[in-house]
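Following: one structure in structure tokens, then a few remarks.
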Amino acid sequence: MMARYVIGRLAGVVVILFLVCLFTFVLFFTLQPDPAVMICGKTCTPERIDQIRDVLGLNQPFLTQFLGFLGGIFAGRDYGEGANLVHCAAPCLGYSFQTNQSVMDMVVERLPVSATVAIGAAVLWLLVGIAAGLLSAVKEGTWWDRTAMGLALGGSSIPNYVLALALQYVLVVQLQVLPFPQAVAFSDDPVVWFQSYLMPWIVLATGYACLYARLTRANVIDTLAENFMRTARSKGLSPALTMRRHALRPALTPIATIFGMDFAALLGGALITETVFGLNGVGKMAADSIAKNDQPVIMAVTLLAAFFVVIGNVLVDLVYTRLDPRVRITTP
Amino acid sequence: MTLLRAEGLTKRFVSRGPLGARAEFTAVDQVGFEVRLGETLAVVGESGSGKSTTARMIAKLMDPSGGTLEFEGEDVTHARGAALARFRANVQVVFQDPFSSLNPRHTVERILMAPLVYQGLAPKGSRREHAKELMERVGLNPDHSLRYPAQFSGGQAQRIGIARALAVNPKLVICDEAVSALDVSVQAQVIELLRRLQRESGFSYVFIAHDLAVVRQIAHRVAVMSKGRIVELGPAEQVFRDPQDEYTRTLLAAVPRIDPEWDRRRRERS
Amino acid sequence: GGGGTAPGPGTGTGAAGSSAAPATGGTVRVLAISDFSHLDPVRGFDGGVNNFYRLIYRGLTTFGAGPGAEGTKIVPDLATDTGTPSSDAKTWTFTLKDNLFFEDGTPITSEAVKFGFSRAFDPEAGIGSPYGKLLLDAPKDYKGPYLSGDLDTIETPDDKTVVIHLKKPYADFPSALALANFTPFPKGTGAGAAFDTKPIASGPYKVASYQRNASLKLVRNPQWKQETDQVRTAKPDAFEWTFGLDAATIDERLLAGQGTDADALGPSIQAATVARVQTPQIKARTLSGLNGCTTYMGLNTTKKPLNDVRVRQAINYAIDKDTIVAAMGGSLLAQKGTSIQPPTVAGRVDYDPYPHNVEQAKKLLAEAGLSGGFSLTLDGRAQPKMAAVSVAVQEALKQVGIDVKINNIDASTYYEVIGTPAKQSDMAVTGWCPDWASGATFLPPLFDGRNITAKGNSNLAQLNDKAINAKIDEIAAMTDVEQANAAYGELDKQIMELAPVVPLAYEKLILVNGANIAGAYQSNSYSGGVDLVTVGLAKPTK
Amino acid sequence: MTVAAHPEQVAGGAPATSGRRVLRVLLRDRGAVVSGAYLALIVLMAIGAPLISAITGHGPNDFDTAAVNTDLGGVPYGSLGGISAEHLLGVEPQNGRDILARIAYGARVSLIIAVSATALTTLLGVVLGMLAGFYQGWVDQVICRVMDFLMAFPALIFMIAILSALPQGNRPVLLVVVISVFGWPYLARVVRGQTLTLVNREFVEAARASGASTGQLVFKEILPNLRSSLIVMTTLAVPGYVGTEAGLSFLGVGVTPPTPSWGQMISSSVGWYVVDPMYFVIPGAFLFLTVLSLTVLGDRIRAAFDAGDAS
Amino acid sequence: MSELLVVEDLTVTFPTTRGPVDVVKGVSFTVGRDETVGIVGESGSGKSMTSLAIMGLLPKGARTSGSIRLDGAELLGRSDRELRKLRGDRMSMVFQDPLSSLNPYYTVGLQIEEMYRAHRGGSRKAARQVAVEALGRVGLPEPERRVNYYPHQFSGGQRQRVMIAMALVCEPALLIADEPTTALDVTVQAQILRLLAALQRESGTGLVFITHDLAVISSIATRVLVMRRGEQVEYGTAEQVFAEPEHDYTRMLLDSIPRIDDEVVL
């Protein structure tokens, strides 16, 4: 039953990804923000636009373009003709209109950065958010609770961009405890690597940590009122175990849901944070491609983000049936 | 006249062992009985013998794995929509676990009025009064109508459950251990209430209980369950006086009694 | 040869940073918001990338190296002089210097020049500057060397001599040759997108490593000989670009100047940072000057009531350029626009035909019978600075009873919308930069009525005035470049009488250089950026 | 029909109707009163924006180049971002627009958009999420796949694409609709998950036995138990949507300039955080206090209802 | 008989909107080692609150006064930390409503194990074995399999037995059982009572047994406490209370016991 469920869901994933492709394609095809004009720049003639459109394959009918794209993903495809012919092996996402790079290579190159940002931030916000929420719930009504929850509200009212710049100003420029973030690989210099990622992690984690802290608090308070918490206490368990096992578990179900979604969405790139800190991740690629109307890259980012989100949702649902034994798997 | 008839009701639970092994467990096995209009059918039996599961099935809260259910001559095994609504209007349930069956976020008043609201009965104005009246009937302080379930004692919560079932004048009330948490004097009041309602309004009861003395007081007929089956079913007098089944006999023999000597001494004192 | 006249006010203020002359060695670092569009010179074409191309590529001619007018002068580069035109300026002959090599050791010959020039015709690669295809004579269906073979219209009588035939007479050809479109390459190289990641250098540096959108490192090209080059001093041993930085972060790093940031150059700082560069220490390493472009508002002359010249003039009078300058970041980041051509353009006449005058504007509108007010739609780019300009225009026109509706357009589609007459609204704010400092690449593209196209149109006013068209032809036929430039100055006036546009401002740059940067000045040929071929470090660390 | 005297003797008169009782409790609560007053003030400010402009003599779009130093990139003269008797909350850098006037006018746009988008996403998220969790089976499948589909799009990219394709029309309404369409699945999934847990609770079964229809089960029995998560998620959605509106406006698909909105003010202030911090602090504080007040008030109302008979 | 538990003048107060309400008013009783004290009384009379007060588990906001001494040591006013060591180990409680008192997220096995391990340590495996044995002792069929069940998979009576098994797993000195057998049929009830008696014999456990079933009380309790409206109306040996009740309420209670042998008129 489990296996069937998973297979069914994965089939659903494929369908959704296809629909996302189709919808995105239709959207950009019908909207016609002509990328050729963007590339052509000034002193542009209609012939040159036409020529560029031809080179980019934009003059072909919708279906040809769409099938070409899909075909590229599954079977690879050829671009250009004669001496200019290049083969793009499957899975082929095409070439960037702007830079002519293979989009697949671009994605592969950037994904680790985004993943590093996402994972680090996720660890941070889970730890901080849940711990703060738990503590607030236990100390409900005390000054700690009020301060923490006030901060959490404030934290979620600050845009990432402001937070990023302010943090950079304070930590790097004024206090000089951190260097300006640099693109350093972990293997080259772990210390600088860590220092460089620290601010992005903090910035990205703040908003989520605030949300998670408030959610954890609210749910733990609800759970603490349950009779089974009294039982747990009557058993003389350590407070840590009582909290972790008995109070947190029920509170975590909604958190597991949003965590799956948030984290998956982040793998698709953290636009603002990556931009501010000059991290060469998927989010920045998305921002650049939107600004330059680079359709193959937009398609790739969309598909990538969609892939993670949909898979994330499948995982969330699976985890859910584990988290609460009363919930049964419903087969599609 | 037969109000409710169950035939061959069966319930199988599928559970999973530690190694993912599928285990099937038949909790209720080919149970059949009928409840007549205005009578009380008591169900007694071993703990875990399937009484609550049977109750859930006849209340249409759980789909049976097999068997049929008839209500007022109509097959309701797969009733939906209007037929189900009609069934619900006539059959109410008192649950075994008092706190779990009360919405922790609702005030008692709201809980008590829920059946009326859900079935679109009674004008809005009189509902609050009605709630208070119900609370009084089961011996609760009507001033507490705005409290939440957690603020009551076990027995009080159980009475809220009973009051809720009585809110809509049902034809059949399924009482699953409805008086187990009540002290004898309140229990007596509640039982008296149930009996009066039966006399005056012709209620029928399926009365699940462990306290055989209570059963004796209230039941017209008794069904004895063991290991998912009905092992004995007959008029109360007959079952108590002359039990046919071995299990029934064990059961009756195990009933604790107060030292008759103490009883006698007390009677003499007063 | 070409040349420029005196620089306008506010142009490059001379060297900043360390007052010492640049020493040899070290690495100059450049902090950049975005990567170069292309490393292949026939593909890339914008101020920033052209400045960079000069480090790795050489052409027949190039711009002079120096502040002010020096930077717009055309000087020989690979060629011994700026070329010998035929009497009708249709055929040009160049002779190459001796001792010229590509980074791989191949000599730079006339064949390489021909091959490099012909690449502009490749349908896939030739998307950069259009001058190759516009000017060079070629068979009608010629599709570049990879698809159609050699371009036979360029003659190579010997290894050192190149004879170039043009489609039509073009006196300013040496200026056009300074563009990277005309870069020689060893024959047969650069097919596909090869040069976009690993180009073949002819200049003093070559690409050592390149990570798209992340970093680019240039190191010395040992095949380049200083004695063959009068322009480039090439003091540093290396250049290193870091791409993809946030504008605010760059500002912060340049101001702080910590560690290697002392050796860094960057883009113009943001308006919000201007107040912070006023301390003497930072001011000492700041450069400020025009970027050589004009920000203007096109008035769509095909739409009512903008088809009435009085209305357009009224709008010119009504706009308060001070608020425009404020919106663009204040006096350090912009200068009031008066004429169409910016002060850096040769032959430009400094005059102000429409000083801010609300009364005059109202009077003109009354004459046009529009004193009751009317409304216009302004296409604006959805980007903070441009949005601020739009609002400033809106506020100014409110004073004369014109209700401006702002049509905010996403930056990525903005140029498509305003460049398509069918989609264009009444007015649009945009900018124009000349390809070299002459009216030839400024006024004809914007005001030649015959250039109006259904797509990619740059004549936003859709002005099609016979007298002006005729004048454009007349100037194009002049063989004396200086005379032509002066004529463009007069044409500027003539056009502004019709008021098809409102020159809003001339944009300025504020560059904060690292404390160790020496010999930096703004080049008027490269959008006011620091001239990279002469900049260096005062005290190279390594 | 009274059975017995009350076994308990907790004294007291008849309780008041819950609405009035809650109000009374709230009025005695300082936090609730202060929050309520602040929210009322904001609403009044939004409604009375033209009046504020008339009194101070500054419209939301009136340039005041005299208040800023154009030679320094347009920093406001004076300390604290140009706060003075003339401009009570200072002026915007560069063009010297009055911040008080823009805050007042901006409250209209920001609050209308953020609050209605929150309301709409909450409505959609709760209804669809609960239905999915409740029915499971194919209803769940359909709703979940729609959610997956909507969530699969990087929302910002698509909001831009869709909004730029849509006719100008009524921007705030379009924004609310588009934000909500992409926003509800997030909430809906949380609601669905919690509903899945709650459907199996015995009190739901009890309500079913009482004859509750599906709608009643879902909205009357289950919904109150989702309250904690919902309150958190909706209150935090408000600043989120203020930010989204600002982002979209900056990308040219939101409300068109010069219409002020808090989000736009905050995002255009970011570059000025060192030179003119007040430019960020003022709209930021207004937003923060609004959210804080909404949260506090929400919390207190809930507490007042919860208090029931005891406190 | 040395005293295990001494409760003196215990008062439990709840704040309500209408002022503080005493739900337990001055209750006193003692429990000796291997002694059983039965508490009976009206529903809502404060029996559960009394036992929660002893365990130190009253709901938030409740206040207590008086004295509760376990092994001579005062419990009231002690920190949660100190009480924690006693709970589960020295004193255990069987709660009244088993379904809501068991954590629905974990198997009953785990819930028993964790208690055992918190006080006795040992490996999970050993603890699992203890849990299986405990479930077997309370008469749950197939304990090896049921140990992996979640609470919702049990019947009401089975859950109650799980609660009892859990409370007994550390063989506490004091066991408070709040209506532990209401959902059990008489045969299983008898089995449980025998089990408790055996425990008392072996480890000298003191038992506080709350029930409505006066017959059960009469058969196991040495002393009986009768409560009504938070007050202690009668306290004495079982014989005394059953045979010579002082208070009208007690008499009324005893008179209203339904008797299986009575003739019934329907």
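Per-chain residue numbering starts at 1, and chain names A, B, C, D and E are given in the order in which the chains are listed.
Keep in mind that, in the parts below, a contact is a pair of C-beta atoms (placed from the backbone, for glycine too) under 8 Å apart; a residue touches a chain by one contact, two chains touch by 3 or more.
Here's who's who by UniProt: A, D = Peptide/nickel transport system permease protein; B, E = Peptide/nickel transport system ATP-binding protein.
What you are looking at is a predicted structure, and each value in this text was computed from that prediction instead of being measured.
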item: Steps needed, at minimum, to go from chain B to chain D via contacts; value: 1
item: Two chains sharing the most C-beta contacts; value: B-E
item: Distance-to-centre winner among chains (Cα means, whole assembly as reference); value: A
item: Most distant chain from chain B, judged by the mean position of its C-alpha atoms; value: C
item: Between chain A and chain D, centroid-to-centroid distance (C-alpha), Å; value: 24
item: Chain C-chain E separation of Cα centroids, rounded to whole Å; value: 89
item: Chain A and chain B: spacing of chain centres that average the CA atoms, whole Å; value: 53
item: Shared-contact residues (touching 2 or more other chains) in chain A; value: 33, 165, 169, 227, 250, 290, 324, 326
item: Residues of chain B whose C-beta touches two or more other chains; value: 97, 99-100, 104, 139, 150, 186
item: Shared interface positions of chain E, touching two or more other chains; value: 42-45, 97, 99-100, 152
item: Contact footprint of chain E on chain A as seen in their complex; value: 226-228, 230-239, 241, 245-246, 249-250, 323-326
item: Touch list for chain B against partner chain E, complex; value: 13, 15, 17-18, 23, 44-53, 96-100, 139, 150, 152-159, 176-177, 180-188, 191, 195, 210-214, 216-218, 220, 236, 240, 250-252, 254-259, 261-263, 265-266, 269-270
item: Chain A-touching residues of chain D, taken from the complex the two chains share; value: 136-137, 140-141, 144-145, 147-149, 151-154, 156-158, 160-162, 164-165, 186, 189-190, 193-194, 196-197, 200-201, 228-229, 231-233, 235-236, 239-240, 243, 246, 266-267, 269-271, 273-274, 280, 284, 287-288, 291-292, 295
item: Footprint of chain D on chain B - complex, ascending; value: 56, 59, 61, 85, 88-89, 91-93, 95, 97, 100-107, 114-115, 117-119, 133, 136-148, 151, 161, 164, 168, 186, 189-190, 192-193
item: Residue ranges of chain C in contact with chain D within the complex; value: 247-248, 270-276, 278, 322-323, 325-327, 329-333, 380-384, 387-388, 390-392, 394-395, 406-411, 413
